[in-house]
Each structure stands twice: as C-alpha cells, then as structure tokens.
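One chain, subunit A, appears in both complexes that follow, with subunit B as partner in the first and subunit C in the second.
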Partner chain A sequence: MNKVSDLVLEVVRELGSDQENKALVNADLETPLFGRNLDSMGIVFLVTDLEARISEEWDLAITLADERAMSQNTSPFRSVKTLTQYTQTLLDEAKTSA
Partner chain B sequence: MTDWLTHLQSFADKPAIVDERGTFDYHELVNQIQSFRRHLSKTIDAGQVVAILSDYNFYAVALFFALYEKQAVIVPIVSTRQAEIDKRLAVVDADWVLELNGETLNMTPFASAESHSSQPMINALRTQKEPGLVLFSSGSTGEPKGMVHNLARLVDSVQGKKPKQLNMLVFLMFDHIGGLNTLLNSLAMGARIVLVQARDAEAVAKLIEAHRIHVLPASPTFLNLMLMAKVHERFDMRSLKMITYGTESMPESLLQKLKKAFPKTRLLQTFGTSETGIAQTTSRSSASLEMKLDDPRVQTRVVDGELWLKSDTQIMGYLNAPMDDFTEDGWFRTGDLVEVSEDGYLRIRGRIKEMINVGGEKVLPAEVESVLFELDLIADCMVYGAENAITGEMVCAQIVLAPQADPKSVRRLLRQHCRARLSRFKIPARIEFVDQTHFGDRFKKKRLS
Partner chain C sequence: MNAITPRIYLITGTRKGLGKHLAEHYLSQGESVVVGCSRGHGTISHDRYEHYELDVTDEKAVIQMVRSVRKRHGRIDYLLNNAGIAAMNHFLTTPYAQAQSVMNTNFFGTFLLSREVAKLMMRQRCGSIVNYTTVAVALDLAGEAVYAASKAAIESLTRVSAKELAQFGVRVNAIGPTPIETDLIKHVPEQKLQALLDRQAIVRYGKVADVINVVDFFNSEHSDFITGQTLYLGGVV
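Let's look at the complex of A and B:
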C-alpha cells in the first residue's frame, strides 16, 4: 500500500515476535487484530508503539486511542488494514493542520 | 535562657555550623542567638508571626532560635520568587518580615503591626506562651498548605540525646520537616553541621570529602543523581557511615545499586510527614526497604493498606485547608500504602494518589521503577499514569538513558525485561526518552498525571 502500511506492519510484526504470536509475525493487511490476536492490553502496546514510531519517523504527534477511535463505526483496531486506514486519516489531518 | 539554649551552651567550643563563611562553634552560636534576641526584644512580641527570608546559613539558624526563645511563630521562607513569598505571607497573616543579609537583620512590619493575628491556632500558641512554626507543603497538587506546629514540642522531642562526635550534612533546613529534624537532632547531639550551598551531586560530594561527613540525609532522587554523576568513584566518601533516605518511595533495585556503590555505608530509611513530624525508624538491614517505626511518641495503624499515624509532634492544624486527612480522634491518614510483615516491619509501596488503574488492575510507580532501574541502560526513570481510551489509564515511563544506550533498541529491551519481571498490565506502554526526570527543589520526583 504505502509507507504507512509498511510501518504498521513492522510494528505489528515486532509485537508478534515479542508476544510469540505467529499470526502477527506473519501479518499482512488482512490480519485481524483486536479480539483475535490482541486483547485490550495488546492494543494499548501496539498503539503506543505505533505512535512512538510515527513521532520518530515523521515527527508528528498523533493519538490513535481516544474517544474518537472508540466511537468509529468500524473499529480501527479490527485489522491491520483498518488500523492503517485510521492512522493515514490522522496523519493527513496532522499534516494539514501543521 | 531556656533549657535548649543552656544545652547548646554546654558544647562550648565544639564546632557547630559550617557554612560558606567558615566554621562557627557552639559558643558563637549561642552568642549570636542572644545577640539577635536582644535586637528583637525591642520590637517583636511573643506570639507574633514572623517570616524569615533567608538562605541556609549560620545567621539564619541563629535567628531561628532567637525567635524560638522569643516565643514567636516562625515562618521560614526560602523561595526567592516574589509571587510565592507574597502568597505565603498572606496565608500566615505575618506581623513581621525579617530579611538577613549576612549578619545584618532587616525588619519590616508586614500587616498592621499593632493588630495580632486572629487565627485561633496562633492565638492558642500565644496564650500558652509557646513558640510556633508554620511549614508549607511542597504544593505538588494545588495550593501549598500552611501547617502550624508547636515548635516547643518539636524541640523538646530531640532533647536528652547523647552527645556524639558526628559530621552531619544538612541538605534541607527549617523550612522543611525533614531538614528541621536533622538540624534539631544534630544540635541536640552537639554534632558539627555542614550546610549545603549548591545542591547538586558534585558540590555535595565535594563537601562530603572535604568535611569528612558521617551522615548524609537525602532523597532517592538525589542519591540517584549522585550515582549518575559517579561521584562515588571520583571523590573519597569513605567517611560516610550512614545515608538516610526518605520523602519519597525508594525503588528496591535503586537501593541495591546504592548498597553496591557505598558498600561500607549503612542505609537507613527515615519516615515522617510534615503533618506528624519525623518518626524514629530502623531498617531491617541496609539492603532492605522494610523498616520499623520504633518511636515512643508515634502510634501507627494500618487501615485498608494505608498507614495512619498519631504523634506528639503533629500539627495543630492548617491555616488554609480543612483537616480532611485527619480523623476526628486525631489520626493522620498519610496517603502511603504499606505492607506489614509478620514480625511487624513496614514496607512503603507508594502513594495512594499515584496509583495507576489499568483496566481495573492497580499499579504503583515504585514497583515498575524498581524493575526499570535493574537495567544498566537506564540511568534514571519516572513512572506515572496517563489516560487511555482503551484501558482507562496506562502506565507511562520517562527514561533517562545511560550515555552508551541507543533509544531504538532500548524500547524493545526494556519491554522484554519488564515482561519477564512484571504482570502485563504493569509494563510501561508509553516510553519517553528525556534528558532529566522532573523533580522539585527538594529533590522529590514530580510525577506527571
């Protein structure tokens, strides 16, 4: 897809290797996250790592887990794909307002 | 002359106080107290509220005890920020402001000098003809609280100590309960007190070496700054017989690091609050965070894991706050969570206010900090809670890296290390690398929230 999906996949795979979860180590865009491969704590770690990486790579501060994320019709944490899309949306907003 | 002054007089030409001007013996101290007292006699009455604006030096100590002899209510103010000074003067409704410039004393009437404070606690002290002391809380949350102590009781509590040949470093002074306690105890024993001017690790280490200091009272945050500056490798600190630590939780692994850096020094935990005074304690050992409060003047209870204290030296009350933390029968709820061992030792787990609630599971910062301090890559750290939409709160850590560490690899190493040592909900989710953790001017960590 693009650089954002690469970064999301990298963070997901890294977390997978830390948690010894094969599905996450071999993750692709369709890999399900919350409810299947990650519980709430898992999502918290994934999201904070992703935020940190985004800040390192692009010097942009975004908050992926907030009320807005929780109230989306489709949870951003459902799969790698939904997380990538939601991250992209927030990044676009952050860039325009920056 | 009070018993206290007679007691100080008995140490005659033993060295009492060392500051940047030099060494003053007990005889000189008593003379200076008497001289200030005569000077104050013309203007200041017993029961008046008198603020002292000064640094930590010999003359300030003498002035403090001159006011004690005068039965004044003393308000020590060390801050140099005018707004803060004004706020405190207003809270105490001061009668006089005394400023020291060397040995020169400037006295300025503050309120209408004729009218005495109508504050009931101050009235009570005046009626009982006893000196008072107003201390302010550090104000980590909200307005600093003005606490009224009966100073006669605090001074009486240290009398009857056996004289000792000790060189004490006094880090904080009479504007802080721990500092006052060290000062009073040291004087009661006829010790030699070295006052710290520049409060950084390097300067303190130099003083320890130069004055062959035996006892260093400090906070865990400051002791870690000493380790980070590696002062124990660069200065001769073999004179140190004892390091006492208190005012905030000591992470277990930091204690072990200190034990390694100062193998011949006893490490003793002190415990006290501005509200109750400092209790006498004994640590189970230098390597242990377990301690006993063995002080005949202090009673303890543990209620729902929280330590409650009742002491002879507790405050009369607050000038600007309700007595919410005291029960009706006079117990002070310290806000500290403790574990009690079978043989009655206490171990402080942390502050109730600092508890982090991760999806219903409770985490205390000190436990996580202790695990982080086990890593040599980490020079300093501070753990705190932040809001999180998924779990309510999450554990966050600010990390000061050791010089050789690379932040990119550390994040993962740190998580791996924590996974092996902590339940999952306790592992820091947000990790931030900083140059310095945040602490106040009394070297106590200020946790973000």
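Let's look at the complex of A and C:
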C-alpha cells in the first residue's frame, strides 16, 4: 500500500469509528463507501476530513468534490480503492502545477 | 457558541470602505484577530491583523488562505462576506462581461468563502457566517438588475446553506444595508440616492455602526437560535 491509500484508509476508519460503522472501522481497499456505508452527509464528512489531512500531510490544497468527481459515471466515492485512485490523480496534478 | 478567546474574524474586502471599518472595529475589541483579504495590498497596520492579497473568485487562493488561517489559528469564529462590487446600469445596456464580473465577485466569492470556511466551522462545531445583500433586492431598484440579482442569489444561498449547516452548529445570516457613504456608492448621483432613501421607513444614510450592530447581533452567542435570516436596515421590507 502506498501513502495515499494509507491516509485514505486512516480517514475512513476514523469516520467509521465516529459513526459506529464496523465495516468502515475494518475498512480495506475493497470496502464500498457511497451508497453502502456512507450516505451523502457521510461523504461530506469524508471529503472535508480527507482534504484537511492532505493539506497537513503534503501542504497541497485540493478539492476532492470537483467537477470531474461530480460528473463521472462511476463516482470516485464508491469505494476506498476508487477514492484512493482519484485522490492520487488530484495530488499528482497539484504537485505538477505547484 | 462556545468559541474561545481570542475570536478569529475573517472579513473579505478589507482594503477600503465598510470592510476596512469593520476590520478596524473588531481589532479594537479585546484580543480579536482579524484576517482580511482584498485584490490589492492591505491598508491596515495592526499586530493582530493579517492580510491576504487575493481575488475572492480564485478558488485555489481562497482554499489556501482558509487552510493557512486554520494552520495558524486552528479556527475561524466569524466570516463576514463583505467583498462586493456594485454596478448601476440599465438592464438593456449592461455588458455581459460586467454582469459576469458582478455575479462572480458578489455571488461566487460569497459561495467559495462560505464553502471553505464552513468546512472548518463544521469541524469546530460552531461558527457564524454573515453574508451581504442589499435593500435593492427588496425594493427591486431600477438600474440595478444585475447587482440585485447577484444579491438575491446570496439571500437564497443564505437560506439554503443555513439549513444544511445548522446540524453542525454553523449559522448563516445576511444583512441588507441601505446606502452608506462609502466607495461603493461614490459614483451614484445624489438625486438617485435621495429617491432611494425616501423609500426607507427611516430616511437617512446608514452608518457603519448600524452594520456593526447587526453583525454583532448575528454573531452573538445569544443568537444561537437565529439562522437563515435576512435583515434589512432602515425599515426596508
């Protein structure tokens, strides 16, 4: 696992602990998120927590809920794996333009 | 609100006019820290004032400012979405570029600042956002179609975001000042202004103190049952 997936998993597990959701507490890359373990409010928490942690960790300002995320046929919020991949893409772009 | 001292204010548009007066006022109150921003350099010199030079419609710059304030102070207690531009023009002769510019600064600037600051307020479980509208919305003032529309959008944003953020202890309200003698109205003919004043229940120019009074009311911990409201000055309804 790389650092991004570690961070995403950490945030998901913390959220699971807050929401007393066992599946999220024991999350791995295959754990489903939106629609199964998180409703739209849960996604709001996840997005804001993850953005804040990314800012602390890499000093990069990214917006996870951007136009692409909202317009993709397959939402990047559907699983830990897809969220990790999407976060990695945004981080790579932010590092390139920084 | 259970905010601890010092209170952290984020006020947009602090280079001149009302924003500058508000910033100076809150700096004179106890230990409050004021973070301000404008497109130009800061004009306030105070050891508890921090200035960011940015355009409120620049998403990246707004995100970076809010995160930088979070790193430095850990919180934002009050957001005053003061930055705005006025445009008086007949609907038929309003250039598209001007309409976009007014909508960008007034509405999208308020939207961006509110969204980013609310993320922080949500985590701290408290915060008060004060948006700025205008009596031009309630009075449907001729010659201010785009300006009034941009502010009407802010009123709607105020009501809906208040609903969405209430569960996190974040309140959102709006103040609608009457004309105040600031830069915003310096190009408006005296006759037009008088006609506007005549439509108020209380016929006089607004003062900075009138705005401060309402902002303080919205931000007060005693107002924790008040959100989603728009309050016009001067008895305009």
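The working rule: the second predicted complex is superposed on the first by the 98 of 98 C-alpha atoms of A that agree within 3 Å, B and C clash if a C-alpha of one lies under 4 Å from a C-alpha of the other, contacts with A are read in each partner's own complex, and residues count from 1 in each chain.
Criterion: a residue touches a chain if its C-beta (ideal position, glycine included) is under 8 Å from a C-beta of that chain, and two chains touch if they have at least 3 such contacts.
Predicted, not measured: the structure shown is a model, and the values here were computed from it.
Undergrad: Consider subunit A as the common anchor and indicate whether subunit B and subunit C clash or fit when overlaid.
TA: Aligned on subunit A, subunit C clashes with subunit B.
Undergrad: With the two complexes superposed on chain A, say which partner A:43 touches: subunit B (first), subunit C (second), both, or neither.
TA: The answer is first: A:43 touches subunit B but not subunit C.
Undergrad: In the overlay, answer first, second, both or neither for which of subunit B and subunit C A:70 touches.
TA: In the superposition, A:70 touches subunit B alone.
Undergrad: With the two structures laid over each other on chain A, which partner does A:52 touch: subunit B (first), subunit C (second), both, or neither?
TA: A:52 contacts both subunit B and subunit C.
Undergrad: Give one of first, second, both or neither to describe whether A:61 is in contact with subunit B, with subunit C, with both, or with none.
TA: A:61 sits against subunit C, while subunit B stays out of touch.
Undergrad: Any idea whether subunit B or subunit C touches more of subunit A?
TA: B
Undergrad: Determine, under the contact definition given at the top, whether A:23 touches first (subunit B), second (subunit C), both, or neither.
TA: So A:23 meets neither subunit B nor subunit C here.
Undergrad: Which one hits subunit C, of these parts of subunit B: 59-67, 95-103 or 437-445?
TA: The overlap with subunit C comes from subunit B residues 437-445.
Undergrad: Take the contacts of subunit A with subunit B and those with subunit C, and give the residues found in both.
TA: The overlap between the subunit B and subunit C interfaces on subunit A comprises residues 48, 51-52.
Undergrad: Looking at the complex, which residues from subunit B come into contact with subunit A?
TA: 358-359, 388-391, 394, 408, 411-412, 415-416, 419, 424-425, 427, 429-431
Undergrad: Spell out the part of subunit A that touches subunit B in their complex, as residue ranges.
TA: It comes out as residues 14, 18, 40-41, 43-45, 47-49, 51-52, 56, 65-67, 69-70.
Undergrad: Taking the touch rule as given, give the residues of subunit C at its contact with subunit A in the complex, in rising order.
TA: Against subunit A, the touching part of subunit C is residues 59-60, 63-64, 67, 70, 119, 122-123.
Undergrad: What residues on subunit A touch subunit C, complex-wise?
TA: 48, 51-52, 55, 61, 63
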